[in-house]
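The first chain written gets the first letter, and so on, giving A, B, C, D and E; residue counts start at 1 in each chain.
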Amino acid sequence: SKKEEISLRIAVEFVDHAASAHIARAKKWFEKEGLKIEAFDNYITGMALASALARGDIDAAYICMIPAISVYANAGVRIKVVCGTHKYGYGLLVNPEKVKNISDLMKPEIRIACTREGSSLDCLLNKMIEKYKLDGEELKRKVLRMPPPMILLCLKMNKIDAGFCPEQFTTMGERMGFREILKAQDLWSDMQGSVLVVKEELIEKHPEIVKKLVKITKKGIKFINEHPDEASRIVADALTVAGQKVLPIKVGKVAAKLKIEPQDIKKSLTIKMINTSEIDISVIQEEIDYMAKLGYIKKPFKAEEIVDLRFIK
Amino acid sequence: MKRINFLEFLPVIFLIVIWEIAGRLRFISKELFPPFTEVLSEFFLLIKNGILLENFFRSLIRVLAGFTMGSVLGIFAGILMGWNKYLGKALSPVVSILYPIPALGWLPILMLWIGINELLPIVIIFICSFFPLCYNTVCGIRNVDKDYIHVAQTLGASKIEILKHIVIPLALPNIFTGLRLEAGMAWRVIIAAEMVAIPTGIGALMMRAESLIRMDIIIVCLLVLAVMTFLFERIFIWLENKTIKWRT
Amino acid sequence: MKRINFLEFLPVIFLIVIWEIAGRLRFISKELFPPFTEVLSEFFLLIKNGILLENFFRSLIRVLAGFTMGSVLGIFAGILMGWNKYLGKALSPVVSILYPIPALGWLPILMLWIGINELLPIVIIFICSFFPLCYNTVCGIRNVDKDYIHVAQTLGASKIEILKHIVIPLALPNIFTGLRLEAGMAWRVIIAAEMVAIPTGIGALMMRAESLIRMDIIIVCLLVLAVMTFLFERIFIWLENKTIKWRT
Amino acid sequence: MLKIKKLSCKVGSFELKDISFELKKGEYLILLGPTGSGKTTFAKCICGINKVKEGKIYLNGKDITNLPPEKRKIGYLPQNFALFPNMNVRENILFSPMVKKINFKAIQQKFESIVEILKINHLLERGVKNLSGGEKQRVALARALLSDPEILILDEPFSSIDVGLKTNLWFEIGDILLSFSIPVIHITHNLDEASVLGQTLAVMIDGKILQKGKKDDVLSKPLNEKIARFLGIRNIYSGEIVEVHNGKITIKGENFVITAFNERNFKKGERVKFSIRPQDIKIIKEGVPVREELKENIFEGVIASAHFLSDTCILKVKSVIDFELKFPSYIYQRHNLHIGKKIKIGIWQKGISVFRE
Amino acid sequence: MLKIKKLSCKVGSFELKDISFELKKGEYLILLGPTGSGKTTFAKCICGINKVKEGKIYLNGKDITNLPPEKRKIGYLPQNFALFPNMNVRENILFSPMVKKINFKAIQQKFESIVEILKINHLLERGVKNLSGGEKQRVALARALLSDPEILILDEPFSSIDVGLKTNLWFEIGDILLSFSIPVIHITHNLDEASVLGQTLAVMIDGKILQKGKKDDVLSKPLNEKIARFLGIRNIYSGEIVEVHNGKITIKGENFVITAFNERNFKKGERVKFSIRPQDIKIIKEGVPVREELKENIFEGVIASAHFLSDTCILKVKSVIDFELKFPSYIYQRHNLHIGKKIKIGIWQKGISVFRE
């Protein structure tokens, strides 16, 4: 019966946060474990992801920790974080001609972009406000909300002067001449990046599958750490193909510049993030508490409710 | 206006009860399909902490500003085009071309031309009210029975007097039809605009709620919207009945 | 339909010439205000490389599918509600509550209920057509002169025969009014939906063009939209004239 | 054939009260009444469109009070004909066989003869919107006749027809309907129409049938003041009966005395009103012997005004009381009348209708 | 006062041709014509609403051909009165002073007297939508009168009024308008209206004025066949003049001979048509001497049909030719007429109008 294929629907973010998943898929590790992967789909918003999880459209997802908290607390979807993929992996890109330091952000002519409320980047924005004691209300009023690829495009088109981006976009931005003046590392030590979440139901009914997923993820992380060059190439390929889905039609010359290069991915994977499956439950608790503090979830809860570390061990 | 009968509300109450029960049955999670009472309590919470009202007033002000300017200028342009044959001939093809462009379609252009600021939603609402009102006004004015105009002439009225005392008053029903339809439409458009581009207002609140997966807030916003659209249309029906008493 | 006169196009041509000149004068940058010819050449480019057509057909199919289903079911529900007094009484308050909710507002809820797939925009268009058509059909049926029904009864017609031969045909003008208005509306809504949530179609193309500051593409999209909205409305005017010959 | 027993019916705040009624085979009845008197309401009761509150309706002996309209076999032409605008003339006429799923072959002959008699062959393929009033009427009639009715109700069939055409149509339609020998109830508020058409006349005022009888009887002898006024008689006076003798009565008013036939068993001392039709007051030529019927009621007066319609003259005469006279215009010249002239007038005794107050 | 010289005007494909016309001070002219004959078009020319193609219009000696309507001082009541629905009765009436910025004080007296005469005091604060036809008419009249017109044009003022009311209004309005002594052009296609009102009568057919003259002359002596037919005369025959002698002519048709006055200088041998009004054919009582005016044209015939209107009878008599007669109903009884009866009829010689073909 072990040979029997179990079909599994997994959602993956199309950034290198989920590098291990992309590698596993490219190397057909899922199939080798007898898992048939049906959907490997990108969900733009947390709501879409939560809906998909709640509806049963997907069983597992590689997503950032922060939105996973929303999915659990706000959408009431019973999920468990079973494995981490990396720490850090977010930053603030600026146009160096316009923004020299953080306090420049408060200048009225400076336009800032960030992803939507309740995202990891939005939390970092708030952390930044706290750390640099900025006028949060005023700053937030001029923040434009848009998805990461759009932030990069807008920076390039000179429509914004600063923007919070997740990894690989920050690295790509640096190559395009922008400066990452702030990293997750500067704001939140040990900040958990992406994680693998599964529906509780899956743990209850098929713990062995969850075990395999965690195993594959760990194998991916190990591969990145041991063969960064090959890993980068694989991930760059995967994201380029997928990138066409995010930006399905190449419009004009600008989009062409957004091509994902392996050297960017390598820099991103090796320098910007710490690839590890380990999860520090106290950091998770910090993230939960911080979400509650920002009013993004109604009230804090115990990190143990959402984290299930049995499978990592 | 029709008198409202309690019995007419029965089906609505029935609907709410069904909703409440379905929500409590949790066939999806309670959070993704919150029962009516939870939505209600969230509504009061949002009222209490001021978030709903703040965003609501922002949307309201945009709608009011854009709609007032758009409809006033639209009516004005319509009067000019309906009354002056040449102006009408010259401008109506232009209006017929611009009229069918969805107001929201202007958004990307306007984002570039005006940038993202408080003017943007107002201009969009302006566009969404201007063309239909211009169009309706022209129709209303052209439909005024020529007999009235001729008689007024024989009674010694100049063109401008006829316009003032006969043509515009008689075109009012058409103008009000336009106002009524577009008042509802303005709310629909402002929501869409706020969802897409503007970081405040009910539409933005909805988007934020969406990204935080707060279905209860979304439903609160929807209900506020439904009520506002309904109210705005009603206000104009009421105003129409007040103004055009002579129709009865 | 009115015959189209060449002279009527003069003002449009005039407008285009002004536009071209203004664009070439570059009082804003050419990119932010491209002259007509550049827009035209971009139009042909987009046709040639298939981008415009692909997105256009996606939008078109969504509109067609959603609108067809929404209007057919809306008309059907309207007929039931208009004809059966009890059904009408029971359902009309529900319809009056759901009717004013902006179609786009349903988006978050629908994401949950149907997920993000090709069905989503179709269902939104469905909603945006269903309620107005239901409403218009009910009005149309209720407005049928009772005399016709009474005479048909004395001539021996059963309820269902009266519905088939008298009531529905006589309600057609109202139904067509609904169809005509909503055909335009469907385009407005699909654009908004594609701008907000669906990554393909004309609306999405516009959003992408916006982020690339490709004003020429935006204008091409706008013109396509204007033409489509106009065409859809025209088609129904034409159909109406064909179907309801007896009105003349 | 049609028998209505104590029918009452309420629509809104209006009520038809206690109407009893009989219509014989082949009878042509005119139901006359002012606007808003309830004629249409009554017609709709018979058709089954209005629900009856009390009373019974029998058609050919069968109780149809509670049958739905489509089972009653009553042909109804509403006030505006209600031709179905979505069908052409042929489809309108064939509506009843169509909904009854009767094969066209089976009724073809009837169809053709009706169309023939009503002279609408040439209209069959036309739309109904731009038919003339008279054409519409005939089409509606054909449609009703083809539904095999046992009785026909026409609700003001001439109301929407130009005055000029009307007179001709009255004659035409009257003849056609008689040829079908179906009993007809013809509703109208037009006195001329009532006098041209029909044999029997019923007058409905305020939801009640106040008088029913042979046409000429009703027109010349209104039963009460309301009817008299409705019939356009302005010569209405009141007085007291001062004498009763050989079938005649003498009525004394403020400053006149008049003698009439005692048709309703009046007693001395009763207060009464009476009406005189304007055409029943005659001008008496000097030097010509006064006719028997006028002799007893002769008055002298002065012409106060004269108005001329196309061929009749309406004269107001100031005497002890004011009289209105009506006669052919040429009489005005022949008698050398002019305003201010003193004349003698006589009242045709049979033309005096006396009623209790 | 109003003088129109060779006026032509084209609207769409319809044309008014070469109309010359004069209206004297205080004259009340009826412009009679069938539907679509151009009466309204003509009225609009006088008012300045339609542009004139050729010809001149003078009002009190002043050439107003090219003045805009608001400068012409012509009161116009369109066919539906066109009361402004957005104003109440008072505002409607005071419209003209308002737009001319005349102080209410200055016209108050005139206003009050007009309102008094037209009996509309009680309506002043009402909306105009649910006025009755007669009330609307009077309000429109008041409005026109208050604009100080030098001439008044009424376009079918009675067309929307119930038949019943009409007759009374004819008398009333006629009297009122005469009291203002403004010249009036009153447009109608109703013969009865024309015969009741007005002194002068002009007949317009197909955009031309075919006859104009004193009312009774026009009504009794149509100038040609078209007019005769429009006047509702069905007794129209053709023949050849076989004799001309002392002011009379003898006309021979297929199988009859008739003698008439030679009013238009006819010559022997001319082919002519002639018309006889139905009321000008009399039934001749046996044994009574035949009157002089009938003597020369006596025919024997058989009654083919009889139709009764409220108080007149229309009789068709088959003789050498078919005649239509019209007389008061009581004559039918008095003469003991019945269908199939053989009778003798005589034609009132003055009632025969002869015209060239």
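We adopt the following convention: contacts are C-beta pairs under 8 Å (C-beta built on N, C-alpha and C of every residue); 3 or more make two chains touch, one makes a residue touch a chain.
Computed from a predicted model, the values in this text were never measured in an experiment.
To get from chain A to chain B along touching chains, fewest steps?
1
Hey, what chains does chain D share as contacts with chain E?
Touching chain D as well as chain E, we find no chain at all.
Quick check: which two chains are joined by the most contacting C-beta pairs?
Maximum number of inter-chain contact pairs occurs for B-C.
How many angstrom lie between the centres of chain B and chain E, each centre taken as the mean Cα position?
Result: the chain centres lie 56 Å from each other.
Averaging only over C-alpha atoms, locate the centres of chain A and chain D and give their separation in whole Å.
92
Indicate the whole-number Å distance between the mean C-alpha point of chain B and the mean C-alpha point of chain C.
Whole-Å distance between the two chain centres: 18.
Measuring from the mean C-alpha position of chain A to the mean C-alpha position of chain C, what distance in angstrom results?
A distance of 39 Å separates the two centres.
Where in chain A do residues touch two or more of the other chains?
Within chain A, residues 47, 50-51, 54-55 contact more than one other chain.
Check each residue of chain D and list the ones that touch at least two other chains.
none
Name the residues of chain B that each touch 2 or more other chains.
In chain B, the residues touching two or more other chains are 28, 32, 210, 215.
Each pair of chains that touch: what are they?
Applying the touch rule to all chain pairs gives A-B, A-C, B-C, B-E, C-D, D-E.
Which residues, counting only chain D, touch chain C once they are in their complex?
44, 47-49, 68-72, 74-76, 78-80, 82, 84-87, 95-96, 98-100, 127-129, 143-144, 147
For chain B, which residues count as touching chain C in their complex?
Touch residues, chain B against chain C: 8-12, 15, 28, 32-33, 89-91, 93-94, 96-98, 100-109, 111-113, 184, 187-188, 191-192, 195-196, 206, 209-210, 215, 218-219, 221-222, 225-227, 229-230, 233.
How about chain E: which of its residues touch chain D in the complex?
163-164, 167, 170-171, 190-192, 195-196, 232, 279, 307-312, 326-328, 330
Touching residues of chain C toward chain A in the complex: what are they?
51, 54-55, 108, 111-113, 115-116, 199-200, 205, 208-209, 211-214, 217
Over in the complex, which chain B residues touch chain A? Could you list them?
For this pair, the touching residues of chain B are 28-32, 116, 199-200, 207-208, 210-215.
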